[in-house]
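Structures incoming, each one as structure tokens.
Presented sequentially are two complexes of subunit A, the first with subunit B as partner and the second with subunit C.
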Partner chain A sequence: MALPPNVSERDFNRALEQFSNIVGSEWVFSSDEDVALYRDAYSIYWGEPEERVASGAVAPDTVEQVQAVVRAANEFRIPLYPISTGRNLAYGGSAPAYSGSVVLDLKRMNRVLEVNERNAYALVEPGVSYFDLYNHIEERNLNVWIDPPDPGWGSVIGNALDGGGGWTAYPYRDHFGAHCGMEVVLGDGDIVRTGMGALPNGSTWQENKWGYGPWVDGLFRQGNMGVVTKMGFWLMPKPEAYISGTATVPDDEGAVGLMDTLNLLENTGIVNGSTQLGGGGAGGAGFGGGGWSLQVPIYGPANVIRAQLDYCRQKFEAIEGCTFTEEPLVRIPLSPEDRARVRLVNFGIPNLSTFSMLGRSPFQPNPAGGHIGFSPIVPRRGEDLVRFRNWYQANAAEVSGGENLGIIGPVFMTNWERSLVGLIMFPISKDPEHNSKIRDAFVRWVELAAAEGWAEYRAPTVYQDLIASTYDYNDNALTRMREKIKDAVDPNGIISAGRYGVWPRHLRDA
Partner chain B sequence: MRSRGVVLISAFAIGIVIAILLFSSMATGQTAAAERGEAVYDHWCEPCHAAGLGHPGTQSLEVKYRGELPAVLAERDDLTSEFVRTMVREGILMMAPFRKTEVTDAELDDIAAYLTE
Partner chain C sequence: MPSRRTLLQTAVAIAGSPLAPGVIYAGSARAAAQMGVLYDHRHREARAFRLRAAQLNAPVHGTEDGDITDLWQHYFSVAWKGEPMPLAGLTERPALFMLEQLGFQHGMRVFFQAEHEPDGQGGWTHTIVRSSRPALKGQLEAAGSDWPAVLADQLLTAPQTVASKDITPTGAAMAARIDEPARLYSWIIAPRSVANHL
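Right after this comes the complex of A and B.
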């Protein structure tokens, strides 16, 4: 049996006994066989001493049980690592950031507490997946959409808290940005409701994000200040239709106008869908050569989005050399023919087809196994787009040590408003030698990017310290501030030690 | 003789009834497990292993088996319970294992029943 660091076997057994009394013995896992199920299947350190592994797991079913488990963990100084559905693959999965933690598995808390059609919001528990919420809505024929990320089995809450996003309209596809109100069990077992949720007898918890006074929700995004047990989300009423067009420019010079026009169209609300950028000779782009393409989707009433797309055409065709083509209008709900040909996540339908891209296929008969990504935020300007592409191409061979390690990059993503993401994808396997080379490459890309002023927005647990170290303005003032807050709300450092580079006091000096 | 014959026929009839009841009980037991298993399978396995495009598990097995075996798991008749349990609990390639808070041991037995019956 693995033990949490600095915890005696006697105390660990007493803690497990208390956990069993709280949740029932069948929901406490401590055998090697059961704990192995919490390993990160996409660990870049698979089978090596540095792999982050749990010492046990406990799965409460209610918020009261979560409070009781947190209090018991405080008594015995057991580090806890909350997971929601545990499917955060490529970012640590269900394994803890701090080895030896007991995973607080919230999958059993899988209730859709409310879907309010009139005011278009949902209130859910952490174990609710996108599939679950979608099914709940469709079974009741409610006139709202969810915004699924690529893998539909993820947690609605977990994805938002980790900084994930989806593929429908703004603002809904920024999952944390689309949340409204949360319930949190703090590190000492106390419970808070944020925003309007702090108002007894109020009924606007999911209708006003800010409430009154300093807003604290952000502390729980990629945070370790508490365990989020409920969270509200704004939902989009189902749109009548979807239309899209694709602007193409012949060269890098055209990318400047392409990005400026995109920014104008998004910042004025003309384009609300998740745009797709391709080309430029970038790795994941689809068409090589020097040109760039940009697909701009719009959701809304058919006649309105028709006029909006006409406006897009007018603006894009003002760019020298730019051509603009249109795709057929898609009515919602989808016809069977449309459903078979569209990308379902763009229409609020969760699925797992994204794994087809990286799994075994005719193009890739022997896939490595999993992947991780490095996704630095890049200014949304054509000049920076080209600069990033050139920077990647200039350094790729050196970073990979002259080998073909199967690294794919850069895939430019424009689904976040206001900025670009230059994604670099790394295949990982169960082979330590291969993984070692990938690790060297990953670290090198982080260092090179930081020197250019680009840094990641989300990271696998093993690289969260590394990425945090690149955000070091004024002698790491931001990290130091977070540490002060951490010490105040979780004085024993129980919750998710080390998550996103924030360590409790007793581990900072270790 | 007549009464004896009636007794014999009655005993025979009772035997048939008992046999039918026993058989249907066994059959119901198996069917119930498989029916439960199908529901669990639909929730957890279908998103990857259903027929058609967009299902990475099916895509992967199409490439692996090249038509020698069905790529859709629910169409296979060669799967064993042990194999199903191993795949679910250990995973393979991009497929991560499923924890007991996702698929309980009892649900896993039901999935195995569904895929092997």
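Right after this comes the complex of A and C.
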């Protein structure tokens, strides 16, 4: 049996006994066989001493049990690592950021507490997956959509808290941005409700994000200030139809107009779907092409979105050399024929198809499966798009030591509004030698990007310190402020030590 | 509603309710009828596995593209919420990974795993990764091109003889190497309580 760091076997056993008293012994896990279930399936240190592993797990069923577990953990100084469903693969999965932590597994808290069709919101517990929420809505034939990521087996709350996103309309596909109100058990076992949830007997918890006074919800995004036990989300009323068009420019010069026009169309609300950028010789679309293409999807009433797409055509065709093609309008609910051909996540339907397709190509018919990504945020301007691609191509050979490590990049993501993501994908396997080279390459890309003013928005646990160190304005003032807050709300440093580069006092000094 | 794209429902209906795990592992043709089977329609060998499984009256499910979403949503997740039915398969690696992960929360574990790789000369090599009976490798080799049927016989009618006591996670999320050749994976996923009967 592994032990949490700096905890005696006697104290650990007493803590496990207390956990058992709180949740029932069948929901406390400490055998090697059970703890192994919490390994990170995509660990870049798979099977190596540095792999982040848990010492045990405890699975409460209620918020009162969460509070009691947190208080018991405080008594014995047991580090806890809360997970919702633990499926954020490529970002650490269910394995803790701080090896030896006890996983606080919230899967049993899987109740859909409310779906309000009239005001289009949901209130859920952490163990509710996108499949669960989708099924709940479909079984009741409610007129709202969820926004699932790809894949959809993860937790609605977990994905939002990790900074995840989806593929339908804005603002719903920004999962943290679309949340409204949360309930949190702090590191000392106290419980708070944010926004309008702090108003006893109020009924607008899921209708107004801000409430009164300083807004604290952001502390729990990629945070370790507490355990989120409920969270509200705004949902999109089911749209009547979907339409999309694709603008294509022949060269890098055209990319400037392409991005400026996209920004205009999104910032004025004409385009609301998750756009897709390809070409330009970027890795995501093959290295051959010289031109750029941009798909712009729109959700809404059929006659309205046809007019919006006409406006898009008019704007894009004003760019020199740009052509614009339209795809057929898709009615919702989907016909069986449409369902078989569309990308389901764009229509609010969760699925797992990404596992059987990701990385598969004529050149790689049998992808390794494991991967991590480096996803720096890049200004959404054509000049910066081209600059990032050229920077990647100029450095790729040197970073990989002249070898083909299977790294793919850059894949430009336009699904976040206002900025681009220049994704670089790193394949990982169970081969320590290859993984070691990938680790070297990852670190090098982070350093090179930081020198250009580009940094990651979300990271695997093993690189959260590294990425945090690039946000070092004024002698790491932002990290220092977070540490002060951490010390105040979690004085014993119980919750998710080290998550996103925020360490409790006793581990900072160690 | 399952779609044609991802679901080939070629099931043979089974009579009665599932047996307790210990009974399932008693080993017989009857056992086969109490085990679900998943095959990957893209592979000839998996289709041969399916054919033999159907002859043994096992309920058979297929995937056309490796995506198990519809099967999970409409069959396995429903069945596993009640009395989890053991499932045997011949698929690509991702299907094993997905079902193993999804099965954890229903108390399901992988009791058998083998890998099957074309040898480039029309034959196959077999690696028994997790089994109490490594000699199965020789049986599969001796069967030549009929190995999928022999495998189905072993996994479906005598699962207790091939199941391992090792039920730790298989790590099927990732290949052993990034340039690993295409392989088929055979496996048995069953309720953890089965271990008590081995």
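One rule holds in what follows: the second predicted complex is superposed on the first by the 498 of 510 C-alpha atoms of A that agree within 3 Å, B and C clash if a C-alpha of one lies under 4 Å from a C-alpha of the other, contacts with A are read in each partner's own complex, and residues count from 1 in each chain.
Everything that follows uses one rule, which is that contacts are C-beta pairs under 8 Å (C-beta built on N, C-alpha and C of every residue); 3 or more make two chains touch, one makes a residue touch a chain.
These numbers were taken from a predicted model, which means no experiment stands behind them.
For the composite obtained by superposing both complexes on subunit A, the positions of subunit B and subunit C are in clash.
When the two complexes are overlaid on their common chain A, residue A:G406 makes contact with subunit C while staying clear of subunit B. Touch criterion met: A:K107 reaches subunit B and subunit C at once.
Residue contacts after overlaying the shared chain place A:W46 against subunit C, while subunit B stays out of touching range. Of the two partner chains, subunit B and subunit C are each touched by A:S356. When both complexes are overlaid on chain A, the residue A:A59 reaches subunit B alone and has no touch with subunit C.
Once the two complexes are laid over each other on the shared chain, residue contacts for A:P336 go to subunit C alone; subunit B is not touched.
Of the two partner chains, both subunit B and subunit C are touched by A:P365. In the overlay built on the shared chain, the residue A:L37 is in contact with subunit B and with subunit C. In the superposition on chain A, contact is made by A:I428 with subunit C only, not with subunit B.
Once both structures are placed on chain A, subunit A residues 36-37, 39, 41-42, 87, 89, 107, 131, 153, 351-353, 355-356, 365, 367, 369-370 are touched by subunit B and, in the other complex, by subunit C. Interface residues of subunit B, counted against subunit A in their complex, comprise 43, 47-48, 53-56, 59-60, 63-64, 89, 91, 93-94, 96-102.
On the subunit C side of its complex with subunit A, the touching residues are 1, 3-6, 65-69, 72-73, 92-95, 97-98, 101-102, 104-105, 167-169, 171, 173-178, 180-183. By the touch criterion given at the top, residues 32-33, 36-37, 39, 41-42, 46, 87, 89, 107, 131, 135, 153, 336, 339-340, 350-353, 355-357, 365-370, 405-406, 427-431, 434 of subunit A touch subunit C in their complex.
Every residue of subunit A that touches subunit B in the complex is listed here, in rising order: 27, 29, 34, 36-39, 41-42, 57, 59, 85-87, 89, 93-94, 105, 107-108, 127, 131, 152-153, 344, 351-356, 358-362, 365, 367, 369-370.
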